[in-house]
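Here chain A shows up in two complexes: once beside chain B, once beside chain C.
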Partner chain A sequence: MSEKFDCIVVGAGPAGISCAYELAKGGANVLLLERGEYPGSKNVMGGVLYRKMMEDIIPEFYKEAPLERPVVEQRFMMMDKESAVTFGYKGMEWSKEPYNNFTVLRAKFDQWFADKAVEQGAVLVNETVVLECIVENGKVVGVRTDRPNGDVYADVVVLADGVNSLLAQSLGFHKEYKPDEVALATMEVLKLDKKIIEDRFNLEENQGCTIELFGDATKGILGTGFLYTNKDSLSIGVGTLLSGLIKHKIKPYELLEYVKNHPMIRPYIQGSEPQEYLAHLIPEGGFKSMGKIVGDGVIVIGDASQLVNAIHREGSNLAMTSGRMAAETILLAKEAGDFSESMLDLYRTRLMSGFVGQDMQKYKDATHHFDKFPHYFDEYIPMLNKAASQMFTVDGSSKWDKQKKIWKDIGSGKDKMKLARDMYRAWKVIK
Partner chain B sequence: MSEQKKGQSIEEKQYLVRFNADTKSHLHVKDPDICMTSCPDKICTIFCPAEIYKWEDIRMHVGYEGCHECGSCRIGCPHQNIKWEYPKGGHGIVFRLG
Partner chain C sequence: MLHIVACIKQVPDTKIIKMNPKTNTMDRRTAPAILNPYDAHAVEEAVRLRERYGGKVSVVTMGPPPAVKAIKKCIEIGADEGYLITDRRFAGADTLATSYAVTKAIEKISKENPVDLIICGKMTIDGDTGQVGPGIARRLDIPPLTSVNKVVEINQTERTIVVHRKLEDGYEVVQSTLPCLLSVEKTVNEVPYAPFPNMLKAARYKPHVWSVDDLDDVDIKQLGLKGSPTIVSKVWAPPKPQGGEMLEGNPQQQVEQLLSVLLDKKELFQSKEGV
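Presenting the complex of A and B:
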C-alpha cells in the first residue's frame, strides 16, 4: 500500500462514512480505513438515528436502509426507587414520511451505510488499525497502519477514530480526557417477540417508542438510562460519567441490572432474552472539552472531536454533519490545491456557525453544572415523585391540605430559596 | 422469574459477546508496583464494564480477551498506569447488533 489518495478517512462510523461518501460522490479518490472486521463491529449507540442529517447525505435512505422502527413516541421518566413521573409526546406525524428519527442497530446500519460509500467509489479496507499519522514538516501527509508495508499517503487525513481518538491526541490536538469528560455506557439488546413489544409499548406495526430514564436509573449519579424498541428486540442501557462510577464505586453492569430490575422497567422487558452486551464511552465534556479540530493536512470529525449533545442524546447526527462538512471543505481544498490549516479551517468555521456549533455552545456548561450539583438527581426527582404521589393519592384530606403539605415538605424557607435558585440555574445552563 | 435471571452476572453478559482475541494483549499495566503499593481502591476492578481487571493477591490480572475497547481504564486509572492500544486490525470485540 504505497498508493496516494486524495483523502484517507480513519474510522467507519457515522462521521467517517458520511465524509467518505460525500468525498467519493464529489469525485475524490478516498480510502476509508476500519479497524474492525466490518464497519459497525466496534460501534455502539443507544440506537436513535436522526432522519434529517442522514437525509442530507442520502435522500430517502429510509426506503432501503436496515432500520428498526420509526420513533412515534418519546417518553421521559423521572424515577424514584418505586415510582416514576412520566411525560412524553406521541405524534402520528412521526409515523409517516419523512419521519423524525429511527431506532437502529449499529452493526447492521453501519455496514449498509459503508456499502453505500463504496458504491460511490470509496475504497473500504477493514481490519486495519492506524497506528499513527505520518507527519512531514508539521503537515500530516498520510497514515501508518498495522499492515505490512502499511504506510499510505494522502493530501488530507480525516480522523474519525471515535471517542478515544488516540490519533488526534498524539498530534497534540487534545489532552487525555478526564473521568468527568466521558460517560461510560453499558447496554443490552434483549430479544422479544414483535407482537409483545407492540402491545407493551402501545405501538402499531412499524412504530417505535423511546423512553429516557432519569434519577434512580443511575442511583442519583449524573447520567441517564434508556429503553428503546427495535423490530423484535429492545435496547436497554445506562450511562453515567466515569467519574461518578469511580466516586460511588459502582460496577457499570450492576447498575444496568439495577435498571433492568427496577419496578418501573421490569414489566417492559419481562420474558426477553439477552442477545448482546455492549460497553462504550461517550464524549460528554461538551464544547469546553473540544480540542483543535483542524491542522495542516488533517481534520477531526465526530466523537473524535467531542461532538455530542448530551442533554438531547444527540451524537450520530452531529457526527454525520461534521463528516459532510469536512468533505465539502476538502473538495474545495482539492480544487484550490491547498490543504493547509488555513484553507481547511473553513470546515471549523462552517461547523461552528451551523447547528452543531450552536448547540455545543448552548449546552457548554450543562454537564459540568449537573455534575457539580448532584441534588437535581438525588433530591429533586424524588421530591417530584413524592409530590405527585401525595397529590394523586385520594385519602380524605383536601387538595389544599395536600398542597400545604407538599410545600412544607420542601423544607425551610432557606431550602425553598435553594430550590428556586437551583431551578433558575438549571434553566440558565440549558436556555 | 427464571428468565429474568439470564444475563445478569458479568460472566453471563460476556458470554453473549463475540471476541476474536489476538494472541497478545493490547493492554499493559505500566508499573505493577503502583497497583501493589499506591492504589488501595484498585478502582479499575470496579468500573471496567467487562471486569477484565482482577486483583490476584500481588498482581493485576488483565483478561484482555474480553475487552470492549471502551477506553475507561486508560482514562479512569488514578495513576495513569495503563498503556492502552487497539488490538491488531480485525481482532478484539466484534459487535453483531447494537
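Presenting the complex of A and C:
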C-alpha cells in the first residue's frame, strides 16, 4: 500500500502553502502537491500582498521574503475616455516597518513561501496533477495523481486547487461556476528602469504605489483595472466578469491593450518592455456562490472555496487565513483522532465568524448588484468626469452657473431620482 | 553488485536563454536551470540496467549549490544516490578541469563502492563539446564508448558489456570490458513520466555535498580556472536566419524569376578547386 500522510494539501498557492506550513509546524506529516513546475509558476495575482495575514503565519516575513515594494500610496482613478477623477492616500507611516502591504511577483514569492513550508517539514512534490479524490464509504481518504503508482492516502485532504476547484466540484461541493460568478483577469509585467518608475510615480527607493482603475478602464464592463509598481517593473492588468466580456463581445487581451493605450495610463508605461503575460480566473461570486467547504476527511480553502472580496480586491489574505484556520482545525482533529465532517466543521464556523466570513457576508450582494446595474460604470463615472471638468474649467461663467449646469446635465427630475436611488442602493450593498 | 555512476550537469535552458548583445555571452538570469536533457537519458539508461541486473545507481555532478535540484530530478528518474561537488575552487573550469574534478569524485565514490560502469550524456546543451565523458575515461584509464544508442547486455561474471555505437550509416556492435564509460545518444531510451513514489523520494532526498577538501589526492592546480588551458577568444551569436522570399505572378513568371534568382547566385555554378 502507498504511503499515508496525516494530511495532503492539493495546490501550492497562498492558501495551500499557509495550510501546509502551519500543519508541518504543528508536527503533522504533510504532503503538498503542486501541478506547476514550481510553486508560483501557474499562480497569478495583480500583486498586492497584505502584511497582517502573512505575519499571522510568518512574523516579520518582510525581512527576508522576496517582495517588490512596500505600498505607500493607493490611488483610485475614475476614468472616462479622455479624463479621470483621481483620489488617493499616501502616508509615510506605510513606508516603514511593519508596513501595510506590498507589491509582489508571485513566481518569486510563492517559491520562497513554499520553501519555508518545506523547512518546517512539509513534503513538496511539483509537476504532479491530482485527478480525483479517493473516496471510501463517503469519506475522502486520499488522492489519485496522474503519475504511475500515483495513489496517496491521508487522514485529511485539503483542496486548495484554485478558482475552478474541479476536485471540490467532483465531490459535489459546488456546481460549475457561471460566467457571472467569475472574473477573467489578464495582466502583463512590464520591465522598466527602477529610476524611471520612481520618477513617474513620485516615489523614493523601496516605496510603491498602487492605482486602481474604474470606469473606462473596463469600457464600462463591471470590473477594475490596476497598475502597480514593482522594483524594476510594472504590473498592469484588467479584470472583468466573464459574463460582461461575453455580453460586450470583447476579448480580454483587447481590453488590456485598450487600458495600456488609454491617455491616462500610456504616459506611465511608456518605454517599458513586456516581460510576462498572465491570465487567470478570479472567483467573484462572493458569499452566495460559496459551496460546501467541509466534508468527511476533506476541507476546501482559498479561491477553491470562492474566498475573494472583489470590492476590496482582497483574495490572497483570505486564502492565507483560511489555510491557517484549516490547519488549526486539522491539528485539533488529529489530537482527537476524528476526521469526520462534524469535527472538521470547526474550520467553517471559525472561518465564518472571523473577518473572512464577516467580509464575505458584508459584500454578499455587491458583485450581483453592480452586475445587474451596469450604469454605475458606464454612466455615472463619465458623469462624474464631466462634472469635474465643468467645475474646474475657468471660462468666465460663475461657479453658481456651473453648478446649475452640472445639475441640469444629470437629466430630468426622474433621472435625478434614479441617481439618488442607485447611490442609496450602492451604499446599501457595501455598507 | 553492479554499481553504475551517471555524470550529470545542471544547465541553463538554451531554448529560452537570451544573449547579452553587448558582451555576446549568455545571460543566465533569462533562463531557468534544468537537468541537461542528454543526461536524463544517461540516468534513465542506468536505472534500466539496474532494473535488469540489480545493483545501484549513483549520480555525480559538479556545480553551484542550486545544482541539488538537478540531482533531485535524477532521483525522480530513479537514481539511488546523488553526489554534488561544489566549491569556489572548481569555478571557471573547462572540460579538462571538469573531467579532473569529476574523476576525483568518482574515485572517492569508488572507495566505498567500486564503480562498474559510468554513463554520461552525449554532451551538454550549454557547452556542446562532448569532451568531459571521454576525459573522465582517459583519466580513469578505462575504455570510453561514445555515441551509444543501445546497451545489448552486461555479463557480470565475464565483466563485459555489449553496446551499439551509432555511425553515420548504421551502427557497430562493440564489446568492452568493465569498468568502462558510455556516452549515450538521446535515442538510447525514452525517459518516462516518473512514478509517484520516486517523486516523494526526490522531495525528501538530501544529496551528499562535497567540497575540494572532501576529495582525496587533489592537485589544486588542476582545478577551476587555473586548470583550464582553454581560452575563449571570441564569442558571437549566430546570424539570424533570413526569411524566405515569395515569388508572385503566374507559374511562367514565377519560373522565370526563380531562374534569375538562381543564376544570380553564381557561386553555385562555379567549380571549386579539388571538386
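Basically, the second predicted complex is superposed on the first by the 430 of 431 C-alpha atoms of A that agree within 3 Å, B and C clash if a C-alpha of one lies under 4 Å from a C-alpha of the other, contacts with A are read in each partner's own complex, and residues count from 1 in each chain.
Here is the rule we use: a contact is a pair of C-beta atoms (placed from the backbone, for glycine too) under 8 Å apart; a residue touches a chain by one contact, two chains touch by 3 or more.
Just so you know, these numbers come straight off a predicted model, no measurement behind them.
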Chain B or chain C, by number of chain A residues touched: B
Which of chain B and chain C A:E188 touches, first, second, both or neither: first
Touched partner set for A:V123, first chain B, second chain C, both or neither: second
First, second, both or neither for A:R266, with chain B first and chain C second: first
First, second, both or neither for A:T145, with chain B first and chain C second: both
Touching partner for A:K178 - first (chain B), second (chain C), both, neither: first
First (chain B), second (chain C), both or neither touched by A:P274: first
Overlap of the chain B and chain C footprints on chain A, listed as residue numbers: 127-128, 145-147
Touch list for chain A against partner chain B, complex: 35-37, 40-45, 47, 105-108, 126-129, 145-147, 163-164, 166, 176-179, 182, 184, 186-189, 233, 235, 242, 245-246, 249-253, 257, 260-261, 266, 270-281
Touch list for chain B against partner chain A, complex: 3-4, 6-8, 10, 12-14, 16-17, 20, 41, 43, 46-47, 49-51, 68-72, 74-76, 78, 80, 84-90, 92-98
Parts of chain C lying in touch with chain A, wherever the complex brings them together: 192-197, 199-200, 203-204
Residues on chain A engaged by chain C in the complex (per definition of touch): 2-3, 31, 123-125, 127-128, 145-152
